[in-house]
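You will see subunit A twice below: alongside subunit B first, and alongside subunit C after that.
Coming up: the complex of A and B.
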């Protein structure tokens, strides 16, 4: 069996998704990953954040690999482990070897894990005694272990016992069987997905479909030594979109549960900020990449074409299909989001199970893109994506703000977003 | 991987300011070891008096970012709750919201643990409070 050959994303162009093991995956960069995780981790004194960051990953990985093993008909434990190892690397999470795991658990160690590696390369060691940053992998591997050995969801416990961020040379996790299972739920998979098509906006030469297909064909190849994916000046992962949506939703719920409704604006603000971080780094990186210069730039005539170009790329990184509802300008950008991954994930929950009534990440993201175009003027100068520029765009007073004029999570048939200059 | 390393370092590293005491000047951090605290001018403030909180919020937003204030508040909430401080007073302080010095010190401590930044509280309050 060639495990690598069994691992490939299935692009669903009518949904703007990349599916593997029944799970839509989205491309994000380590800036966004760290920002969102750190925002949640800040609440560690308020509620046990592992129950959100680790358990959610465990649920998703369990469903993903159960589905993948079923689809491929693989029943041999060693072959299943090889598939998990291949998926782990293919998604840019790093390199792992599961040889020492059994149905009773065991230990996994690696010097290369996305969160730990990118954090350790940037910051000094965290305080000793503070847990490591590889929450996602911890849960992901616990869920994978359950799937490998056909164990029930929630039957494996886990712990991260070493981390590069603490000065250790490796990330180490322990896995063990639990007498009392964790209260976990199977993943929502493709959720309440929508279908649609990429609409070519008439007032631009930007060839939407051509750009989407070009991005889909980009070889995001993990480094052979580290298993990490470098691209567009950042470190990328293919992560189940449900993970981001659910940890955001669950964090909000836990915070309100602990502190009351008055905490909501603060949590919302952090989730919006995560969109700024993503626009600035991932999308900004794309817009200044050699690939952009080759594929998009020849068709750019106006600053607005930068907006069209980046919208065309989004379905290829699994975020859904985005279309303009009128010609954008520096004063207004109105978009319709079809199958936006966060909305699709959360729409699969009953209204009683969710609190978010829109995707705050999308609000920050699209406002951030507008800031890059019209404030930073990316169309006429090469930007340096540093803290100075970030503070200029998103520090004192945000340049743009976005609001959902329609939201599937409020019962509307579609998501519509309007970006306008902030009134500060 | 040099490009991405530099961005987050500059974004989250200790801020250089005349109002700031850098406790670990050579390091950048979103979550540093707590250093042995040197005496700061906030210790010269009167613990029995109330001080406005808005200037501190504005300083953090201006010198770090709006989300730095959000993070600081979230980090501090358990301790503030133990001190009996209503969440709303810290979440959305008004110009006349005044709180005891230990509350401001909790916020400063959270800020320092995340960013390695220890602003001079006395300097921040100077324009609004007679110390």
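Coming up: the complex of A and C.
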């Protein structure tokens, strides 16, 4: 069996998704991953954040690998482990060896794990004694272990016991069987998905479909030694979109449970900011890359074409299909989101199970893209992305704001978003 | 040749280097042949008829990426060696630019 050959994303162009093991995956960079995770982790004194960050990954990985093993017909434990190892690397999470795991648990250690490796390389050291940053992998491997041995969801507990961010040379997790299962739920998979098509906007030469197809064909190949994916100058992962959507939603719920409804605007603002950071680093990195120069730049005539170009690329990174509803300008950008991954994930929950009534990530993201075009003027000068530029642009707050004029999470048939300058 | 630092990111620094004309296949090949231990990968992008080039430097100390469509070349260099490597990258690009 060639495990690597069994592991490939299935692009669903009519949904703007990349599916593996029944789970839509989305591309994000380490800046976004850390910003969102750290924002949630900051609440560790308020509620046990592992129950959000670790358990959500465990639920998703359990469903993902159960589905993958069923689809491939693989029943041998060693072959199943090889598939998990291959998926782990294919998605850019790093390199792992599961040989020492059994149905009773065991230990996994690696010098290469996305969150730990990029944190250690990017940010100042964490205070001594603080737990490691590899929450996602911890839950993901616990869920994978359950699936490998056909164990019930929630029957494996886990702990991270070493981390690069603490000066350790490896990330180490322990896994063990639990007498009392964790209260976990199977993943929502493709959620309440929508289908649609990429609409070619008439007032631009940007060829939406060709750009989507070009981005789909780009080689996001993990490094053979580290299993990490470098692209556009950042470090990328293919992560189940449900993970991001559910940790955002669950964090909001836990914060409101603990501190009351007054905390909602603060949490919401943090989730919006994570999208803003993503626009700045991931999409900004894409707009200043050889890939962008080859695929999009030859068709750019106006500043607005930068918006069209980035919209055309989004389905190829699994975020859904985005269409302009009128010609954008510096005063207004109006978009329709089809199968936006955060909305699709949360729409699969009953209204009683969710608190968010729109995608905060999208609000920050599209506001951030507008700022890159019309404030930073990326179309006429190359930007140096650093804290200085971010402070210079946004030191007094976000320049643009985005609001959902229609939201599937409020019962509307579609998501529509309007981006306008922030009121000063 | 123009040079601008674009991003300091994890263990890499990303620079933009602008040459006078887009480098063609023979120039990228020459760069790889002259730079012992480097590896050139060529990725055609059929839907837009473009070609991407990616040169991995020896010991994975950096990556140069460019396309047949643009005079811009991105040098993504190991952060701890970036300042040493950058002049060498620029010299080598300069040397193949007029081939």
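Note that in this section the second predicted complex is superposed on the first by the 423 of 424 C-alpha atoms of A that agree within 3 Å, B and C clash if a C-alpha of one lies under 4 Å from a C-alpha of the other, contacts with A are read in each partner's own complex, and residues count from 1 in each chain.
The definition used in the following text is that contacts are C-beta pairs under 8 Å (C-beta built on N, C-alpha and C of every residue); 3 or more make two chains touch, one makes a residue touch a chain.
Keep in mind the model is a prediction, meaning the values are calculated, not measured.
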First, second, both or neither for A:265, with subunit B first and subunit C second: first
First, second, both or neither for A:382, with subunit B first and subunit C second: second
First, second, both or neither for A:207, with subunit B first and subunit C second: second
First, second, both or neither for A:136, with subunit B first and subunit C second: neither
Partner chain in contact with A:39 - subunit B first, subunit C second, else both or neither: first
Contacts of A:217 with subunit B and subunit C, given as first, second, both or neither: second
Contacts of A:361 with subunit B and subunit C, given as first, second, both or neither: neither
First, second, both or neither for A:289, with subunit B first and subunit C second: second
First, second, both or neither for A:297, with subunit B first and subunit C second: second
Footprint overlap on subunit A, where subunit B in one structure and subunit C in the other make contact: 30, 118, 121-122, 230, 233-235, 385-386
Touching residues (chain side subunit B, partner subunit A) in the complex: 1, 3-13, 24, 27-34, 61-62, 65-67, 70-71, 73-75, 77-79, 87-88, 91, 114
Contact set on subunit A toward subunit C in their complex: 30, 117-118, 121-122, 207, 209-211, 213-214, 217-219, 223, 225, 230, 233-235, 285, 288-291, 293-295, 297-298, 382-386
Residues of subunit A defined as touching subunit B within the complex: 29-31, 34, 38-39, 42-43, 45-46, 118, 121-127, 130, 230, 233-235, 259-260, 262-263, 265-266, 269-270, 273, 281, 385-388, 390-391, 394-396, 398
Subunit C to subunit A touching residues, read off their complex: 4-12, 14, 16, 41, 43, 45-48, 50-54, 60, 63, 65-70, 72-74, 76, 79
